[in-house]
Amino acid sequence: MFETLILMLDATMRVSTPLIFAALAGLYSERAGIVDIGLEGKILGSAFAAAAGAAVFGSAWIGLFFGIMASVSLAMVHGFACITHRGDHIVSGVAINTIVAGLTVTLSMNWFGMGGQTPTLSGDSRFLSVTLPFADALANVPVIGLIYSELLSGHNILVYLAFAMVPVTYWVIYKTRFGLRLRAVGENPHAVDTAGISVAFIRYRALIVCGILCGLAGAYLSTAHNAGFLKDMSAGKGYMALAALIFGKWRPVPVLLACLLFGFLDAVAIRMQGVVIPGIGEVPVQAIEVLPYVLTVLLLAGFIGKAIGPKAIGRPYVKERA
Amino acid sequence: MTNKTTPYAIELQDISKRFGAVQANKDICLQVPAGSIHGIIGENGAGKSTLMSIIYGFYEADTGHIEVDGKRVDIRSSQDAINAGIGMVHQHFMLVENFSVLENVILGAEGGALLKGGVDAARIELQRLAKEYSLDIDVDAIVEELPVGLQQRVEILKALYRGARILILDEPTGVLTPQEADHLFRILKALKDQGVTVLLITHKLREIMASTDNVSVMRQGQMVAHRETAKTDKEELAELMVGKKVRLTVDKGEAKPSDVFLSARNLSQFDSQGVKRLKNVSLELRAGEILGIAGVSGNGQSELLNVLSGIEPMGEGEIHIAGQVITANAPKNAAQMRELKMAHVPEDRHKMGLVTGFEAYEAAVLGYHNSDTYNGKVLMDRKVMVDECNERMAAWDVRPPNPHLKTANFSGGNQQKIVIAREVEQNPDILLIGQPTRGVDIGAIENIHEQIVKLRDSGKAVLLVSVELDEIMALSDRIIVMFDGAVVGELDAKDADERTLGLMMANAYSEEKEEVPA
Amino acid sequence: MSQAKVPAWVNIALIPFLNIMLAFVVSGLIILAIGEDPIEAAGYLIYGAFGYDEGVGYTLYYATNLIFTGLAVSVAFKGGLFNIGGEGQAYIGGLGVGLVCLALDHTMPFYIIAPLAILGAAAFGAAWAYVPAYLQARRGSHIVITTIMFNFIASSLMVYLIVNWLKEDGRMAPNSRTFEENAWMPYLHELFSPLGIDIGDSPLNVAFIIALVCCVFVWGLIWHTRWGYQLRTLGTNPTAAKYAGIDTAKVTIWAMLISGGLAGFVGINEIMGVNHSLLLNFTAGYGFAGIAVALMGRNHPIGIILAAILFGALYQGGSELAFEIPTITPEIVIVIQGLVILFSGALEHMFKDRIEGFFIRRAVA
């Protein structure tokens, strides 16, 4: 039983990683007042660029670089539409998601001709698992061995990076000048403007960070979790990250917990396939799969707590006399 | 009073600013001696806020320039203004509500990429400022949990923390209780004693008289007078503020008020923050009379109209109309009020009275769109609507008389005629009418006024809200003055003159009476 | 008032045209970048979509779905609501159709099944839109997020129902059994052939006629009923709606019900018209494409028909194109669709402000 639990938590960590990257990406964007339903598109774009880069150059790191570049470029398109041209944030996000969904397949077919996939990655062109020090030595120690060697050790570097990004984000958001201004601009851009700070510049920078994190999420999917790009491989992770962001009420640590919860539900869903629980019968996998979305809707409706987002979110900033 | 050798703290020379066709500021000159409290007074729309926005770098002036301490400064952004030592306390606070006081104060002046150092320094500096100017505050409190008076103090601290030597306050007492306002003026005195120059923008004469050294009066975008406060009085200032306008005359006979058509008792309303915006207003409106509501805008008139017309639910009180009693627990919405034969010409036709994207004939049925007149069994009867619109356009001389033109493309006066025609032609018993001639050209004003009087003479009850004193005096049979959400005076139109009304609107009338023993 | 100086054709025709052209130019550049000739590609595309009878049939078949979802998005838009859940509403609408057909095809004739299926599509689609609508109107939760969530919930629900309950016994494929022919929406080519008119075999079916009827319905509803009047007032000026005494919550909920119902009609075309069984993922992104159609069609039924035909042509021509030039995939159409959303939606102010400015200056000069 304990071992099963460890294995499920292990799976949770792997599944949660892209959610954590993407939800934190959304956190930077939305705390700065920019609604980002384009997380999905950025993840997918990065997944493709990273896999393509890794396949061509034979290095996961070069792939990662391309992934991040692709994702940041998309974030800049979003910024250009929402910040510079006061466009609708949702429409812009939908546009980005749609363009990427089509473009990745088009380019992939054209460049690699493998039915929309990239070549299978191996060796240096993938992020492989890292064995933590003494993991082998401790493997046989009861309890600790399982926790350390199975659960904590043996993930790839991006998994550790994702978890490390949570305290880093906490620190950036709450302890730095950039974080203070970013939070302020999402709450009351007029206050920021009258304090002599450029609203647009802060929002663009927030989107760059958002792009980088989505880039990591995408690269993780195609060059670490899987060995190559598949059509539509983001499979709604961007939207689920958005749900986790809302569920975590736009705060780093609760967002992490939401991602872990959603990741855990995913791991449970896979485990529960075909399992008959005495007295209840077979729990349909789909019932577990939809829980993140159902929970988020309930939260938004105010049935479980209250999700209050940044006040100025989604509204273009127009300089006007107050 | 001023040492001629020391330069002015701030000096404006020939500042002009135009927004499209509106000349908001024209050739403004102003000299403010260092270490003084300088009041700027004027009616709404006189151009005070635009001028302050120019000084604070929100707008750039079309012409003219600004000198600070005798040196010409180029203010293109708020940052430039801050660098020049100018701080501003906005009418609507520029605070991040879920930040602590400390975070709000350091925003934009963090003193480094990490907050730690800046926060610690700010904590010490705020303690010093608090002591020096008696601006005590809990620096770790969350702003939205503070009372309004303390929030304002945060704004002042923000400016001082940035080293402001010139502090602009835009209508600072609008949101304060009298006690909080008194405290604010003590703070301003303390600031002055420390050499800070204060620019106080207000429309309240009492504040000007009580706290300023000098006062400048603005009217219609221009500076019309500068006075030493000690050498002027409320009467003079009120007159300067209002000006000697072209007297509007409306040809109207004696009113013959009869039955009470509408009576409001102890009406109150609260805004989303729970602040009481309408305070226990009671009034009676009779058939055959025009009741004018005078007051500087923002003193509860809009709330009164919204509550009476059913647009906003009331907080407390009751309305008696057509044999029915409306209370907070038994509310009626705007459509139901219309059924009780109440028509409403809203103050702001763009925000409320019209849908500017609609064609004229569509806008001409707004609020009455459910009426049988305009509807067949299923579809709306476009022909009836267009025909009626054509008739009304001819009767009211709307130009161009084209029912299919988008409402946005009519001039202000013609838009207003579309709205007034719509409401008046429903043959209501009661007409609520707000700012009937705002943004309307002279020719149309006369026509609109005649229609309002005609309605009265046909035995209807008219409630007129206007910030134009002339209009109130020309049309009303009875006048109620509102200040700060409450009724502060009522008088017969025959007894009303500009001076009395002006003093009432500035809530200075009763004090004056006390000063003069009977 | 300054807008008075901008001629009407600028907003109705010029700006949308420029936005579309820009989307096409960027798509052309992408095709160029992958080493193909955009002009040649456009040629194949146009031929594939309009060059022969079957092609036209397919174009209109795709357009049928897009008209439904385009109308769905635009009815909500007219009330100031962004219904991004057309995909889920269409999916559940298809469930309604499928259940009616599966329940009645053994016992009832077509003329009983068809109206009930149409009703089922509308009712199920509307029901799926009701919850987000209610939550928006009464509890203030953001409709965009809830409708996105409901897309995913719909997807899982359908997998569960089809795999666990509706799948044909003894088969692996996650489909329901094929309906009897009396539950098939007639193909137009079958209806036309007795008249001696040959329009070529294609999946184009009576659903296309229903789509056109819906256009008329929506046009009448929005521009000629008091409800539509209230909807447009709410969508353009919510304060004026309050002033006019309009029950905004009620209008919001009804707008979403109608929107969801329209999206549900995709099920008529796909389930009853073409697939003749209930299957997974038949919505294939039409719900999202409806956003592009509505934006491009300026939320007017005529514009929506034109935009739907254009996108339908892209879908159909895209397949032709992929056949002729294998290095270009049909997904290029999705890219174009995204670019249209970007330029005519998110970046609408980019051209608009400048062009209007140009005409205003010219009028003043």
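Think of it as A, B and C in the order they're written, each chain with its own count starting at 1.
One rule holds in what follows: contacts are C-beta pairs under 8 Å (C-beta built on N, C-alpha and C of every residue); 3 or more make two chains touch, one makes a residue touch a chain.
Just so we're clear, the structure is a prediction, and the values are computed from it rather than from any experiment.
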Chain centres computed over CA atoms; the one at greatest distance from chain A is chain B
Counting C-beta pairs in contact for A-B and for A-C, the higher total belongs to A-C
Rounded to the nearest Å, the gap separating the Cα centres of chain A and chain B is 48
Here the gap between chain A and chain C, centre to centre from mean Cα coordinates and rounded to Å, is 30
Contacts from chain A onto chain B in the complex sit at residues 174-181, 183-184, 187-188, 190-197, 311, 319, 321-322
Seen from chain B, its contact residues with chain A in the complex are 49-50, 53, 56, 58-59, 77-82, 88, 90-92, 94-99, 103-104, 106-110, 112-116, 118, 158
The residues of chain B that touch chain C in their complex are 20, 309-311, 333-338, 344, 346, 351-358, 362, 365-367, 369-370, 374-375, 378-380, 382, 406, 408-411
Residue set of chain A touching chain C in the complex reads 35, 37, 77, 80-82, 85-88, 90-92, 94-103, 105-107, 109-111, 113, 116, 236, 239-240, 242-243, 246, 284, 286-287, 289-290, 293-294, 296-297, 300-302
Per the touch rule, the chain C residues reaching chain B in their complex are 1-4, 220, 224-226, 229-230, 232-233, 236-237, 239-240, 242-247
